[in-house]
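Chains: A, B, C and D, in written order; residue numbering restarts at 1 for each.
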Amino acid sequence: MAMLHIIRNSGFSSSALMQCLSMNLPQDSILLMDDGCYNLNHPLLLAALVKQPALKVYFISLHASARAQKTSNTSFVSSTLDDVLELLFSHDNSITWS
Amino acid sequence: MTINYNNETLATDKQGYLLDFTLWNEDVAVLLAQTDEIELSEAHWEVIRFVREFYLTYNTSPAIRALTKAMKAEFGEEKASSRYLYRLFKEGPAKQATKYAGLPKPARCI
Amino acid sequence: MSAAIYEEKQTDKTIAIVNTQAPFSSADGKEALDAALIFGSYEQATSLFFIGDGVFQVIGEQNASAIEIKDYLKTFSALEFYDIENIYVCQQSLTERNLMANFHIDNVQVLANEAFSQRLHQHNVIYRF
Amino acid sequence: MQNTLALVVTTPPNSNLTTTAINLVKRAIDKDVAIVGVFFYQDGVLNAAKHLSIPNDEYQALQHWQQLSNEYHVPLHLCVSAAEKRGLTDELSNNENSNIDKAFIVSGLGELVELTSKAERVVQL
């Protein structure tokens, strides 16, 4: 089953990102929400993307821009809360890491 | 609130549950039941003792389903139904047996 | 509402309760267990997962009463009466913390990362505490 | 058929994370996703604190919850045990004195079981 991993904390201060990456399976997606957007440039996430180029990572663009978080990495998909609703229903289940 | 036992005052909460479960004994159970105008039969005692033992072992009072499942192992099928337990404790076995067993009031949502 | 009334409406969803916090400084572990016991009493297929600092909840030889905390860990031994029989612990989390597989409850299954994650994926609804 | 969603809120109103939960509910309503209910657990129950006073120029989480309840009839369920542990009670001398806002329904964890089984998807925020 495809799981949506929602990350709401910065991986620099919490283990949420690390735990998410250790539980992430190929069919899953990651969604960066709230402080989770600070992970856009986190080395662990970038390394995971190098290892698994097909890994799907979404981020809420409003949450990122409010925090002055930018990325030029085209692997990240800029999203809205409307997209989040679609993601919830296009995945079988979700887990919120925070 | 309080109940009197042996010239001593035992504190209870608003609903009559003993505040300190270590002050309980079987005489106190009779007094607690009296405040609800209930006379304890041997069938009541079986459940009260069982619930207290469960609490002392697991640090929680059993919810009704867990109580029936645990009682089934101890007393067999016939006494392991919620109907049997509700007949004995009309206000709900989890709440009422716990009270006479001197245990804290179970959390409201449980 | 009693469990008896609820029985007719039950679905076949499976619930995972994931524990990620150590037992005593936060209420997370206790509140996760309260939720698990309710799902269990309503006959919902419920599994417990321990990962990260959550593994500190299941290791043996703890003594909560020494620090005046109610020992809710003792309640884990009653899980069988709530039909909660699947208890999974993450091997990597144990290893990182230099912990042995010495638990205060029986029938714990220690799983390597991938297997642990596969089990988690099989559940319809996941609550993380 | 309409998609159905339940939310479990475990973050308190003074955390900005609550705003995201409220906004997601609002988007769901606009997008015709049925919100079966919101369940408040752990520190999330503090969202129902009637006397919580947040400066006027800051985000008023309670007003938004009230709006969701009054205008859109989103059921807001409170775990009463978690609430009582945090000083919220409906058992004061009379209902007028309850410190739980009336937009919220005093419930138990049994309601979480119900929402979990009813909704197609559940998200914890």
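By definition in this document, a contact is a pair of C-beta atoms (placed from the backbone, for glycine too) under 8 Å apart; a residue touches a chain by one contact, two chains touch by 3 or more.
Since the structure is predicted, the reported quantities are computational estimates derived from the model, not experimental observations.
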For chain A and chain D, which third chains touch each of them? C
Maximum number of contact pairs occurs between chains B-C
So, what's the distance in Å between the C-alpha centres of chain B and chain A? 50
Averaging C-alpha coordinates per chain, one finds the centres of chain B and chain C separated by a number of Å equal to 27
Cα centroid separation between chain A and chain C, in whole Å? 26
Send over the residues of chain C in touch with two or more other chains. 34, 38, 125-126, 128
Residues of chain A engaged with two or more neighbouring chains: 93-96, 98
Which chain D residues reach two or more other chains? 81, 108-110, 122, 124
Footprint of chain A on chain D - complex, ascending: 3, 5, 16-17, 20, 23-24, 27-28, 31, 33, 120-125
State the interface residues of chain B toward chain C in the complex, per the touch definition above. 54, 57-60, 62-67, 69-70, 82, 92, 107, 109-110
So in the complex, the part of chain C that touches chain A is made up of which residues? 18, 20, 51-53, 92, 113, 116-118, 120-126, 128
Write out the stretch or stretches of chain A touching chain C in their complex. 1, 3, 15, 19, 22-25, 92-98
Contacts from chain C onto chain D in the complex sit at residues 1, 6, 9-11, 13, 15, 27-28, 31, 34-35, 38-39, 42, 44, 125-129
